[in-house]
Amino acid sequence: MKETMIKELTKVELKNPVMIEGLPGLGLVGKIAVRYLIRRLGAQKFAYIISPHFPYFVLVNKKGSVRLLRGIFYFWRNEKGENDLILFTGDSQAQTIEGQYEISNKILDFAEQYNVKLVITLGGYRVETKEKPKVIASATSRTVLERALKANAIISPMGSPIVGTAGLILGLAPLRNIDALCLLGETRGYLPDPKAAKSVLEVLLKLLNINVDLSGMDEAIIKAESMVARLQKVEERRILQEELMRRSEDKKITYIS
Amino acid sequence: MKETMIKELTKVELKNPVMIEGLPGLGLVGKIAVRYLIRRLGAQKFAYIISPHFPYFVLVNKKGSVRLLRGIFYFWRNEKGENDLILFTGDSQAQTIEGQYEISNKILDFAEQYNVKLVITLGGYRVETKEKPKVIASATSRTVLERALKANAIISPMGSPIVGTAGLILGLAPLRNIDALCLLGETRGYLPDPKAAKSVLEVLLKLLNINVDLSGMDEAIIKAESMVARLQKVEERRILQEELMRRSEDKKITYIS
Amino acid sequence: MKETMIKELTKVELKNPVMIEGLPGLGLVGKIAVRYLIRRLGAQKFAYIISPHFPYFVLVNKKGSVRLLRGIFYFWRNEKGENDLILFTGDSQAQTIEGQYEISNKILDFAEQYNVKLVITLGGYRVETKEKPKVIASATSRTVLERALKANAIISPMGSPIVGTAGLILGLAPLRNIDALCLLGETRGYLPDPKAAKSVLEVLLKLLNINVDLSGMDEAIIKAESMVARLQKVEERRILQEELMRRSEDKKITYIS
Amino acid sequence: MKETMIKELTKVELKNPVMIEGLPGLGLVGKIAVRYLIRRLGAQKFAYIISPHFPYFVLVNKKGSVRLLRGIFYFWRNEKGENDLILFTGDSQAQTIEGQYEISNKILDFAEQYNVKLVITLGGYRVETKEKPKVIASATSRTVLERALKANAIISPMGSPIVGTAGLILGLAPLRNIDALCLLGETRGYLPDPKAAKSVLEVLLKLLNINVDLSGMDEAIIKAESMVARLQKVEERRILQEELMRRSEDKKITYIS
């Protein structure tokens, strides 16, 4: 494996598939959203991607088994609608600049192979807010962007960069005549943020005209918020203790000198 | 896209073209100068360069559209003079050593394709001065250097390095029998410096015997100077506040201990 | 040598060989264990690996001779048992992400060439403990893991990463239908830890049903422990002196001001 | 230029050539020594090496001309002795691990092409001493090492690493059946050290049975020593002033609070 490569587990026939990408990033927004969809829809694994640009460790699974870091492609057949889905998520972004371009291109190779016409990338957008997270959209074509705005996304401010795979896919897709849309949920980004992920999913599902019950995310949201509150208290106590420690050390040294 | 590549939008016939390069660098001098020329001359886009050595993010454009970081080649037909121009600028320098060499070579490939005999690279030269910026010249041949000196550039001090694409193009051009000249405008380099860019353009235009009205840069120069003054005040206030803060924190801790 | 490469010194015939890997890592556990086996078993060198991803220096040997950093493969014929051994150790891990993947794959290329069905990687597992080090196991198959547990290893906690070659070999082996097992000895990891290496060897030898006298490690263990005690004292004294120095400097400055 | 490459300026016939390498490194010992030889012997440039692994800037020469960073090969015909010389020096070492291996291999490619049987690499060896620098030798064969010891070098302590091109050439030469010897002059390494370079040349010239007057180095040695003395005073004054500054700032803040 000198290069990033995709291993296919099975061949499937898909109807007008849309690809949805959500790798780890700010607030884990994209990954949380895609993982939730995979579970709720019962999407099935059918290919994975491995790369020498992922970090050089493996993860121990349940029962002591081990696996490489990877990205996984799932498919879902949409019985009632127009578009089947290919859902992509994984353990990590690439660790090098060249790797970021290489992996984004491999994902688009796979999209081309399945005749995907639209890729939607999901992620977080850093904002200091405690209100319901808005969803920021940008796209490779006006038509696609309009669909997002109708689904309650707002247009991205000009000049703001989109870092990593979620961004590069939008930059590289037009070279292959594929449309791409990026949906970023507002997040403070310190911790996994299921609330931002829910906002992103609301826009995504409305846009794709797919029904998925999102109430299953609410428990995670409550947990995350109590976690934030708890961490703030821990942090405040830590700062106080450090100061006390420093004062008391200063005193000890006084005795020595 | 495993390597840097050039995409041509259209084929053009050019008469003895000179290529002018100005990527972001010290004080943004080269980029500001080339962008001003492109706008004033109404030069037209005809090719662009993309690379896995550029940073791995995309930029959101106006109206929520998105694009890869890139360099762009523009051409301008010189009705009254001898040389047409190819103007090159872009978003970023390469982020790796190997990428710097690769991109400089790709730019020279393109120059060769259009039978360019002279490439002029523009940039900034760090100096602590508030006087009218001088323009520092170095070149691959004595003849070319003389042309710059006649146009009021001064000769570069020996031993000073020219970093990045503006420099490597001069190093690599002789391997292809292309002449190259580097013009660096003196700048403190902290902020975009249109004043240094104007000095560089004065030399460049005199050398190429092209008339371009540079008064359009004066507004930007005034803005930049008031910006510098404003930032200095902000910085002074910040330092003062930090000191005050530190003192008041010291006092609080005194109450605790 | 643009890539990692393996040089074979001699061809050998091996009976159902198991490969054992121990490169430098946490507490040098893997390397100490494999080196002990090589010496005790009288295993013979038969191939080595060199790579542009190893650090760029050479080592001076005894008598002023010099050598590249490298990994070495040894073989041992097991007269009384089922499996011959291939033992692998070396000077260094790869210094780049891509190098880590490249070297792990080269080791597996060599394993395939000798029809190895099982690779066992050895290393350290960071724990703050002073008790007899436990041995943590993870594996690519349930059957192999069971063998380790029967030999008194315990199952690895879920989610813990295995960094470097010892981990990547487990991740990459299944792509070639090779089984792999990782045995990590608990270590504080500050210093070479022969005690953890001995624990790992106890499990390994029981699992492979090979008899090797491990009492030769006890001297190294005692030395290592007295070294730890000595270093702690040195460290305490250093901290004290620094404080005293700082106080006395503060005084000198007082005289100046 | 995607890879390191050697450009030949002219073809020459050489009699049993020995290659001598001295790139910038600790105390610039190797480079100073090789440059002195080149000047004194009147050796002639006949090839150079350029590489995308050198730093990405160019240098301005005298009279405003510019050049890439590079290494240069010179030859010298030895009218009275057995061995002609190929002398190699340059501006910089490679900036990446892979580049270090690539450049060392290219140098050896060139050595092979000229049927070189012995490469001697020169450099510095860090020691805190003010005595006449000793010269530390290591080699790929016992025979070559003996020649160095007879010429008053001492044998390198075991385990000490030789970093960079001077070391890697010794590691890689045996793969091509070329002998190699490394001579390192003791140096504190803070500044260019012509005294260490002179010691290295004394051993080298005796070993090669070549007469070169080394008294031309004495002026540089005296300059270097007075420079060291001057810098020490500057450093002492700087530390003092910083302390005074800090004290006076502390006072100013007192007035504010």
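Note that the chains are named A, B, C and D in the order they appear, and that numbering of residues resets to 1 at the start of each chain.
The rule is short, and it goes like this: a contact is a pair of C-beta atoms (placed from the backbone, for glycine too) under 8 Å apart; a residue touches a chain by one contact, two chains touch by 3 or more.
Only a predicted model underlies this, so the values are computations on that prediction, with no experimental measurement involved.
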Query raised in the report: In this assembly, which chains make contact with chain A and also with chain B?
Result: none
Query - Angle of rotation relating chain B to chain D [CA atoms, steps of 5 degrees] - result: 90
Query raised in the report: What is the chain whose Cα centroid lies farthest from the Cα centroid of chain C?
Result: B
Query raised in the report: Can you give the whole-Å distance between the Cα centres of chain C and chain D?
Result: 36
**Report entry** Inter-centroid spacing, chain C versus chain B (mean Cα positions, whole Å)
**Finding:** 51
**Report entry** Per-residue overlap in chain C, given as positions that touch at least 2 other chains
**Finding:** none
Query raised in the report: Pairwise, which chains touch?
Result: A-B, A-C, B-D, C-D
Query raised in the report: If you look only at chain B, which of its residues touch chain A in the complex?
Result: 1-2, 52-69, 95-96, 253, 256-257
Query raised in the report: Once bound in the complex, which stretches of chain A touch chain B?
Result: 94, 97-98, 100-102, 105, 137-142, 145, 155-164, 167-168, 170-172, 175, 180, 182, 240, 243-244, 247-248
